[in-house]
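Every chain is named by a letter (A, B, C and D) in the order it is written, and numbering of its residues begins at 1.
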Amino acid sequence: MNERLETKFLGFKLASPLVLPAGVMGMSFSGLKISADLGAGMVTSKSLTLQPRTGHKGPVIAEFEGGILNSMGLCNPGIKDGLAEIDEFKEGSDTPVIVSVFATSSRDFIALTEEVNSSSADLLELNLSCPNVYDEFGIPLSASKDQVYEIVSSVKDISQKPVIAKLSPNVLNPAEIALAAEAGGADALCLINTVGPGMLIDTLMVKPILFNKFGGLSGPCLKPVALKLVYQAYSVVNIPIIGMGGISTGNDVVEMLMAGADIVGIGTAVYSRGIEVFSKINAELLQFMDENGYKSVITLPKLEKLDV
Amino acid sequence: MKNRSTLRIAEIRKENFDINTYRFNFDLKAKPGQFIMLSDLRGGEKPFSISDCTEDHFCITVKRVGEFTKRLFSCSPGDLLSIRGPYGSSFFISAGKVLLVGGGYGTPPLYFLAKHLLKNGAEVHVVNGARKAEELVFCEKFQKLGINYENTSECGRLKNSGTSIDLVEQAFRNNSYDFIYAAGPEMMMKNLQDKLGKLPYEFLLERYMKCGVGLCGNCTVDPLGIRLCVEGPVLSKALVEQLTEFGNYHREASGKRIYFMKTDKGKK
Amino acid sequence: MNERLETKFLGFKLASPLVLPAGVMGMSFSGLKISADLGAGMVTSKSLTLQPRTGHKGPVIAEFEGGILNSMGLCNPGIKDGLAEIDEFKEGSDTPVIVSVFATSSRDFIALTEEVNSSSADLLELNLSCPNVYDEFGIPLSASKDQVYEIVSSVKDISQKPVIAKLSPNVLNPAEIALAAEAGGADALCLINTVGPGMLIDTLMVKPILFNKFGGLSGPCLKPVALKLVYQAYSVVNIPIIGMGGISTGNDVVEMLMAGADIVGIGTAVYSRGIEVFSKINAELLQFMDENGYKSVITLPKLEKLDV
Amino acid sequence: MKNRSTLRIAEIRKENFDINTYRFNFDLKAKPGQFIMLSDLRGGEKPFSISDCTEDHFCITVKRVGEFTKRLFSCSPGDLLSIRGPYGSSFFISAGKVLLVGGGYGTPPLYFLAKHLLKNGAEVHVVNGARKAEELVFCEKFQKLGINYENTSECGRLKNSGTSIDLVEQAFRNNSYDFIYAAGPEMMMKNLQDKLGKLPYEFLLERYMKCGVGLCGNCTVDPLGIRLCVEGPVLSKALVEQLTEFGNYHREASGKRIYFMKTDKGKK
């Protein structure tokens, strides 16, 4: 890869600022490997839970103008088998890998962290933002700054890997939540997870298209929301940020970097532009730098921070 | 996925006691080997290969195996189903002398392929296998294509012979082929592969599919990481040969690996 | 218009279930009139405030895949001049008209209601959801069920017109907020207002495109979120709903009606499909009814309510 | 709006002490009469008519009137500006004998129009007005087009004559026109309208614009409710005649009506 694309994240050297985010192509070592081989600078596993989960019944995905809805339902082989895939990945690659884990209590997050400690994972990501754990009135786990603080700090106490907190866009006080994660000791933030959730209806069958009725939005429609939330977080915290949400082109990546992200996740664009999306965007980044006189991605300027 | 459509079943044809063909009058613009994701929006969306496709209509041929396919068997013509696709890679359309090896519900997509091969001037031989003769499907349809009768009539002889691999060996003794195509149980294809030597081939593989569009990663095959819903389900020899998981294991809905039983030649 | 499109809303007879929502084409009597003439069954004024407002500096609008961002900033001629336009509209039309009003306190909402009482407006809509009044940590007015209850009930005490509460999608507990509006006495709900807000960046100038930095999302990207929130509200309240958000086609309108809306707003599609969008969609609705054997829009089925 | 571009100013030409022309080397594909929304992203995005447009470049000609245009006057070649458009309706391209009546910064878009009219074989006469002779713009450019010199040279005579309406009356005495085009201060067009009798015409109107794409409703004209940013800014006689607000009032940024002063012939 081109050294002008190189960057650093929490001490890890990345060949590109592009990251494969949790839930996309991350079920198997080979899915991670092809993403890294094709140009992702870092890869993330599917969010792993203590027990295997088969996820929701299909349809689990539905497209609309501007993106997709998904209600995968956190299907994953469980932490044990999931980490075995990570170990197999690390045998054949030196691309840094994030293991994403999901739970609904500090206790389970701690149990997951212990497993990750004894694996070859490079970083640990806490998925605090899955839209499938809303209570009946729709409150996500990461909507409470106290809960976020508590989970992050108890994981930090024992984690041997750097800890990334993945936050939800669907909260009232995103800046406060970002500050709570930082205060809890998070080494970095990852935002945003899917927006909504939303629903689509089949008008002939008079039924929701997703069997789970609701699913999180991802894809181009998210970009403005993601840019705003990353920018807002960047303005208040002093830890690095993985920015994602609707990023599909080199110019999108530059927007995300300017909004304050250190590195950038590419999820749904793996569908819309193919798995070669990483190499395509790397090329577009180089072209942008050539056209605008930037030497390397790390020299790209950022917006002035928001006054807060 | 832009192409999700809600279509009425135009016709249901019973192929045998647990295989039905469903026709939809819709111009799907599919190529042989491609599949659709099908749902009744009542829980479950499943991949099915296209067994025929013209400008007026397309068909899928479904084996009743579990909850979802059972519900399909209680559908009637006129019922609505949600369809997205066509998805995935398609077969190379050869012009030489070719052999098609189908097993179980793997045979119907080869019928769609055969029609395109014939149009392209290929000489098409077909071996159609099943555990029991009454399970064989599409025999008459293949025969009606007017292709090598000897071979399609092997259907009947299955009662006597062992497996479709026996029929393949027999075909090889009498013919030299330019290209081999196969679809059916994975262990059948694994066994077939051993017989093919340097012959070029394409196999239609199956893995558990959820999104169907290359995002969830459930259908990737090791160690290449290619997705059977996008880069597959039809893979060429060059790729199949690199697959350490081929004939070895697959991943279920959770992503957990499930190993094929070495004796299990009928199921994938 | 075709009588198969006719419907009723709070006792008013509408020639079509399509509504021109607040903020689109609603600055002048003639903007309302052309919308009604071209097929809207009901029209809404721009949100009016006690004093005139020139709004934010431009750019106030920016497009992205799936929709637009706007940061108009509630520009309006003030309640007095705004109601004069309504009176002029009513002189030449019998299409029902909603006057939308915006304030940040019950006291101001009451003052606005008094003005509306003595106008020819047919209905009063309380805009409780403008994304421009977030405090520094981003809490919209309508995020608090207590505030929503208080404002709606104090307006209801004096309003001589039916009262519609327009709600925000950017809250944690949309069902509770809907219930609070109903409990406060709202005669109907209107949802959703714009999502986000979001941001877009000009990568050459290294600046946010909107001068106000942030703007609310509208257009097709909203549809799944809007359908979900309308469906959720429909499942818990017993008052009628004006559903909107990303609706651009006849099929979208049918989705929105099936999700539980009684009538449907068409905003951003006025840009993407032209002001003739109302007549286009009316035609599409008739075609849908023909193809699927429905006699009239009021006979279209709804989804089964959510279990709550 | 899909067409928002960030462009570098290629050249700035001083037309007079408070009018500049900005050239951008970009294929805008605009038609005469259309406008762009221009911003430096420092507060303000404003509509400007296109005063020239070829495959290589386009120009706008800007009068310094307030905060935003003042900042434009401190720009240098190479500076970046945000441009969206082209927006709005365009002039009918006649092939007959036509008269173009421009006032102030309304004249430059007529230059772009004149080029298209000439290409279409029209005979083009131009009346160019301004309060003072030194405020006149585009005189030489019109003359270089090789069109009726008598008329464009009227520029010089303005010092003596009263208003451009006087020049129009003079032109009418000597010619019979097939079509009249005008752009400039609204009261100038209002006065012109009174002289036109049954002659077909098109006027380029201005209203306060915010979105530029037909959503906010700020630029609608009464009682038709048509939007000058979409259905305008060029309106034909049939529409202008129905506008009760034409020459009467316009709406400012808040939407409040502002009445034209009857004596104010220079400002809209």
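Things to note:
The rule is short, and it goes like this: contacts are C-beta pairs under 8 Å (C-beta built on N, C-alpha and C of every residue); 3 or more make two chains touch, one makes a residue touch a chain.
Since the model is a prediction, treat every value here as computed from it, not as a measurement.
Considering every other chain in turn, none proves to be in contact with both subunit A and subunit C. Farthest chain from subunit B, judged by C-alpha centroids: D. Each chain gets a centre from the mean of its Cα atoms; for subunit B and subunit D, those two points are 66 Å apart. Look at where the CA atoms of subunit B average out and do the same for subunit C: the two points lie 51 Å apart. Averaged Cα coordinates give subunit C a centre that lies 36 Å from the centre of subunit D.
Contact of a single residue of subunit C with at least two other chains is seen at positions 204, 207-208. Counting partner chains per residue, subunit B shows two or more touched chains at no residue at all. Contacts between chains trace an open chain of neighbours here, each touching only the next in line. Working note: touching chain pairs come out as A-B, A-C, C-D.
Subunit C meets subunit A in the complex at residues 64-67, 69, 136-140, 143, 170-176, 195-201, 203-204, 206-208, 213-215, 217, 219-221, 223-228, 231-232, 246, 251, 254-255, 258-259, 288, 292, 301, 303, 306, 308. By the touch criterion given at the top, residues 23-35, 37, 46, 52-55, 57-63, 68, 70, 72, 75-78, 81-82, 92, 202, 204-205, 207-209, 211, 267-268, 270-271, 274-275 of subunit C touch subunit D in their complex. Residue ranges of subunit B in contact with subunit A, taken from their complex: 1-2, 4, 6, 37, 39, 41-46, 80, 82, 210-218, 220-227, 230, 251-257.
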